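Two complexes come next, and they have one chain in common, chain A, joined by chain B in the first and chain C in the second.
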Partner chain A sequence: MRPENYQAKSQPPSNEYELNFGPNHPGIEGNYAFKVKLNGDEVLEARADAGYLHRGFEKLMEGRLWIQNIALVPRICVPDPVPMEVCYSLAIEEIGGLEVPERAQWIRVMHLEMSRLAAHLFAFGGHAATTGMYTPMFWGVADRDLVLDRFEELTGGRVYSIYNIPGGVRRDIPDGFLERLSSLLDYLESRLPDYDNLFFTNQVFVKRARDVGKMTQEQALKWGVTGPNLRATGLAFDVRRDDPYLVYDRIEFDIPTEPGGDALSRNLVRRAELKQSIHILRQVIDRLPSIKGPIRCPIPNPLAWNVPAGEAYTRVESSKGELAYYVVSTGGDKPYRVHVRGPSSMHAVQVLENLAVGCRLEDIAQIMFSLDACPPEVDR
Partner chain B sequence: MSKELNIWLDNLLEDIESVQFKRKSSRRVRVDVASEALPALLELLQGHASYVHLSAISCVDWIADNEFELVYHVWSYETRSLVSAHTRIPRDPGVYLSIYDLYQPAAFFERDIHEMFGVYFEGSPDMGKFILTEWDGPPPMRKDFDSEAFVNQTFSWEQYHPQWLKDIEEQGGGITTRPEDVR
Partner chain C sequence: MSDIPYKDKGSILRPIKALSFLARKPVTEKIEPRPAAANYRGFHVNDWDLCIGCSTCQKVCDNAAITMVKIPGLPEDPVKGIRNERPAIDYGRCCWCGLCVDICPTSSLSLTTEYVHTCHEDELDSYFILPDPKGIHHKHFPKGWAKTADADLVDLERQPMEELDAEERLKSFDEMVEGFTDQQAIIEASRCVQCGMCHDSCPTHMHAPEYIRAIWEGNAEEAVRQIYRSNPFSHVCGRICTHRCETACSIGRRGEPVAIRWLKRYAMDSVSDLRIREIAAEGKVDYISGKKVAIIGAGPAGLTAAFDLISKGHEVTVFEALDKPGGMTRYGIPEYRLPYDRLDADVAVITSLGVKIQYNTRIGQDISISELERNYDAVLVAIGLQQGRSTRIPGSDHKQVKKAVELLRKITQGKAFNIPQSAVVIGGGNVAMDIARSLARLQKENYGEVRITLTALEDFDHFLADAEEIKEAREEGIEILDSRGPKQCVTNDKGQLSGLVTLRVNSIFDDDGRFAPSYDDSDEQVHPADMVIEAIGQMTDISLFGDELTERLEWNRGRLKVEQDGRSSEPWLWSAGDMVFGPDVVHAVADGHRVAASIEKHLATPGSW
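This part shows the complex of A and B:
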């Protein structure tokens, strides 16, 4: 029962074979493929194959008004969309010389840290699933949903907020929001020991993730690694502290690091960052009520807004690493050029290709998730 | 330490000819450099001024000037400052040198720019297709590529007008105005 054009191909006897890993597999938050060459279970060569989520955002943005693009940018990274809005708005504010009111800056910090919490809960849950542990995944996703409830209350959207606009934020926080956020933080903090017991100190995970996908600090710097993945190699670098934006220079927080550089260290850094984000949010809750004033500065009619000619390169620390926007204006009502530098454009391509070599087939998904790679950031 | 390095950088950039340099803020420096001098400048920044992190390479199509602008954003973990080195190359033939030897992350950005703008980087490890695997048209991020016109030429709106929609429209519902009539 063979097709008519079937011809058997003779090959020399070998244990090597090629495998198409993806575009749909449990290792990644989206569609992303990997072509791996294997000898038995050992990976000899790996090539990333992107493009399954390419929607041409950069081209689309050139054809839309400055303000319309706010609805486009969060879609570039589904698990952590808020930094996209903020980074794009920061660039327009820099070009247009807009002064964001202090209250709006604090609200943005609150929004960003909530997004970081949601993204890290998603990331460690996803990583657990790649090692066959499904309970942490359900817990992570369920607790992330509670953060999404607060997003919905604050912005009207559960995932894509479209809340941070050039000049400030769209509306002020609802009455009683900070109390509800505070009780959510209490709940999430009380869950951290449970996560530890179930996942972060669980020997099933620890033994599985130790020394998997290991890189040294030197390699990490050479490959352009940023964010939690870089901090997991022992370098305490964080855009929030070292290249501060908004009011991060007035907030106290630690930069957790781990020395290992492996999948375990990367998860432990994210675990420590959950605590730091809760700590930052509590400071915002303390200080926000005393900061009065407008939530955005006056901007021209956004439907006929010619942003002055200029260019800006703005960076923020997203949950995945360094996110940057290069925006060029020629004085028109639409951007002339927007370039999105997603942290995953390094992590999901070169870093992953390098780390996969020498590992076993069953660890590829784990390495991918430990890097917290977000394919739409690569494809854009 | 960091202040001294910054002063050193200022002096260095003022000394080099064909380099225009502008401090935009305490942590942002803009450098405009001729395309022949850019690899040397980056080598200097990386080797002597600790700018070891290539944050991104951005490409801008200045079609009116018939030029591409390439912007190399490099970050120093020591001095905590970002240098954006701008250079322009002629749009035709659109060939430039790869900086992969200096910064490995350049491979991704150069491949991306080659795919989206058609700029060829000599010495880059892989100039093959990556994101637009099944695309054989012109590089889509060029300003002379009009995606809307391309869609209208390539696809027919009628093709997406199935029988069930016609049935609904006969009863007065559905998409009653076609997209091209709205525009």
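This part shows the complex of A and C:
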């Protein structure tokens, strides 16, 4: 149609309008979008528009050998990839009846908690940026980088560890690693008051985040909310304690909760979990040197490995919430079906669509970051 | 509830606390380039001297980032299991997971701590890189993620094979190896990385990766089908093959090679003889060509050719001088290594396709070869090496100096002979081991003790017999002496053989590489024995050709001269097997195929017969 021929359709007078929020928007995590209907600044309706990062992971996995998927699963959630590897491995171990050596289990817990630290630092940094506070963002990312340094040393990769394989872990910890990890924990712990001063008790943030994206515990349970977001509604549910895996039942830690159910509470829970993760890691550092033995149980040649027929549903507590893998084997060298139950699918779609209604446009970004939803994992 | 005092609004002067940061080190600061961690998964290096081009890295790569590239200047040797291919990495696809490193059978591939690579505009394809020992920029970065024992994804240990112990073995000629159980076979088959080195090294290019895969899948019938693509003597080869496949096996670079021979045996033993016949018949054409082929000798070469030719619709008649088929596999190999019923099963598959075998028919005596020339469209001579060679040392014409092959034949046929109370075997090959170990069993049965000495020219580092044969022979009480050359057979006053005198060997070959052993005369030993057995090689009995044909045919140092495809200088006459290439079953099978293809081509060409 040529511009001169364009005639606007007559519409009834209204203050409502539609806006595409994303997929490339600084207030959105990754490539993700909302179609929002607004009345002025007020959101009347929000519709999640996912799929920009769809890579078909679940289908891809059906065409790859069991071991090859180890390199694939971390990519499902970029900021917190370790639970993906562990959860996938746990499922295969359950189907195949593999006994993971105790040392490997402790190393996995260490790896998981390091990943939680990195992910939470990233999350609060991201949230700070949505409220215009850029120093916490730089701090969060810079301190996360120190965790990545330890990842690099432990696993050979900074972001995608590809370190957990069915049966255990791929390498033992390097010499002196625990000492360096310990000093990193000391440093991070010393940073917590700074984070509080700058961000978590900063009234600019507190007032901005309070009562934003507020949900009740009932709503949270109905919508399938898990992880820190659920604990921010006052329910102390944590897979690590309530359905323990690895050696979490031998580790002492608290489950922080907040009653508010709003963006502020969610951040406060994450802030408290930083401290708990440090506490868990210190216990691992104490225990690990005394646990000798192999780091992996023998697995068959990966090119000719038929995992026995069966299915398993395994779940772990990732930094974003409950992550689960449902894996079906028909006895072949590849999975018959892998389903990923990612926490972000719920948080970024139905929860966000509900919470956004009634908020102001600028709060959408804040809600999304406070839910710590991960678009790559939504799309998979 | 967390203990974070977020409700505390604090003093109005609180922002002044921020001034304390003036004296502190910044959190975000410029960092300088630094070396990566010791375990880092950076760009690849590949030690080309260790790499054998087996392409296992390519198979495990989950991104299809690895392509095997032929490097013309590099050595290539299928027998040793070396290909002149090396992996090239597409760094546009690689995700640096390091699975290629963990599975590399040779441990030649590693990742380095190098992580920076940029390319110029004019070399946009520089993401596709062939890693060599120097790394992608030739800057010699240290290794990062490299093979460790913890993380090795290759299973280096073989499944144990149950065997009778030496004491039990000596009691009879029962088969000593018990074979894999189903579970063992599947586990053993799962060790295979499907590199195909075995296929390349096998003289008859058996489809070992395919049948190992089928065994792993629990499909023994499919394994037999794959086996019959290239070898109708698989019961035999599953037991006594010289298994060059295992020498070439890439898993054998650092560990024990996959037990390919035992897996073949397992597959053959798992399927009923009837079903094997049905599977073997699947490849047979459903028409009759009307052509007739005569094959002389019912050994592996002749019967393999018969199998191929009958499958193509030709009428095949095999003439065998003795009363049973198998040739040297029956009359040369003791039953404890190859039970006769297994050999019979292989032959029965071939005869079930319609091959006729005329036993007790010696060409040259019962039928002349010219008669075969007249009555058949093609004639194949595959009579093997039935006559033992003599050392021709003084005293070797004594009646108690025997040839190993002749003695082995007698044992198989059950013919009586005087079992020596003590014997010396001259020779260090598998035939020498066979006769020594067979005699050991007979001595044990008759005299209750083993008194056999085996003397070989070669030292133990260059011994001709398989290492396991040496080990087992020793377990059975046979004394093996290396680097001893025979000087003469000595007799006592009564003219009875009393022993063999040997000298220490200085060298076996002269400067030109010709066989010319030299001895140290000062180091002489006498080995008392009432029988000396020569096991130093075999030759063909060519009397069947007759004087006139022998004159017409071309010869090469005592062996019939043939073309590459086995055809002799006479257009109707082919030759195959041991008599052309020397003793080895699997070579004979390969040769049978080659010659059958040539005969088939000849018969399929109009006007050529």
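Definition applied: the second predicted complex is superposed on the first by the 375 of 380 C-alpha atoms of A that agree within 3 Å, B and C clash if a C-alpha of one lies under 4 Å from a C-alpha of the other, contacts with A are read in each partner's own complex, and residues count from 1 in each chain.
Going forward, a contact is a pair of C-beta atoms (placed from the backbone, for glycine too) under 8 Å apart; a residue touches a chain by one contact, two chains touch by 3 or more.
Just so it is clear, the structure is predicted and the values come from calculations on it, not from any experiment.
Student: When the two structures are overlaid on chain A, which partner does A:55 contact: first (chain B), second (chain C), both, or neither?
Tutor: It touches nothing on chain B or chain C.
Student: I'd like to know which partner A:72 touches here: chain B for first, chain C for second, both or neither.
Tutor: Touch partner of A:72: chain C, not chain B.
Student: Please work out whether A:268 is in contact with chain B alone, chain C alone, both, or neither, and reply first, second, both or neither.
Tutor: After superposition on chain A, A:268 lies in contact with chain C alone.
Student: Now for A:242: first (chain B), second (chain C), both, or neither, which partner does it touch?
Tutor: First partner only.
Student: Mind working out whether A:250 is in touch with chain B, chain C, both or neither, as first, second, both or neither?
Tutor: It touches nothing on chain B or chain C.
Student: Is A:337 touching the first partner chain B, the second partner chain C, both, or neither of them?
Tutor: First partner only, chain B.
Student: Who does A:171 touch here: chain B (first), chain C (second), both, or neither?
Tutor: Only chain C; A:171 stays clear of chain B.
Student: With both structures superposed, pick whichever of chain B and chain C touches the larger number of chain A residues.
Tutor: With both complexes superposed on chain A, more residues of chain A are touched by C.
Student: Who does A:180 touch here: chain B (first), chain C (second), both, or neither?
Tutor: It touches nothing on chain B or chain C.
Student: Looking at chain A, which of its residues have contacts with both chain B and chain C?
Tutor: none
Student: What part of chain C is in contact with chain A in the complex they form?
Tutor: Contacts found on chain C: 1-10, 17, 27-28, 36-41, 56, 59-60, 62-63, 95-99, 102-103, 111, 144-145, 148, 150-151, 153-155, 187, 189-194, 213, 216.
Student: For chain A, which residues count as touching chain C in their complex?
Tutor: Within the complex, chain A contacts chain C at residues 64-65, 67-72, 138-139, 141-143, 149, 152-157, 160, 162, 170-172, 174, 196-197, 200-201, 203, 206, 256-259, 264, 268-269, 271-272, 294-296, 298-306.
Student: Can you tell me which positions in chain A touch chain B when the two form their complex?
Tutor: On the chain A side, the touching residues are 49-51, 54, 56, 58-59, 63, 221-224, 226, 235, 237, 242-243, 313, 315, 322, 324, 326, 328, 336-337, 339, 341, 345-346, 349-350, 378-379.
Student: Touching chain A in the complex: which residues of chain B?
Tutor: 27-28, 52-56, 58-61, 71, 73, 75, 77, 80, 82, 84, 103-105, 107-109, 112, 116, 130-133, 140-141, 147-148
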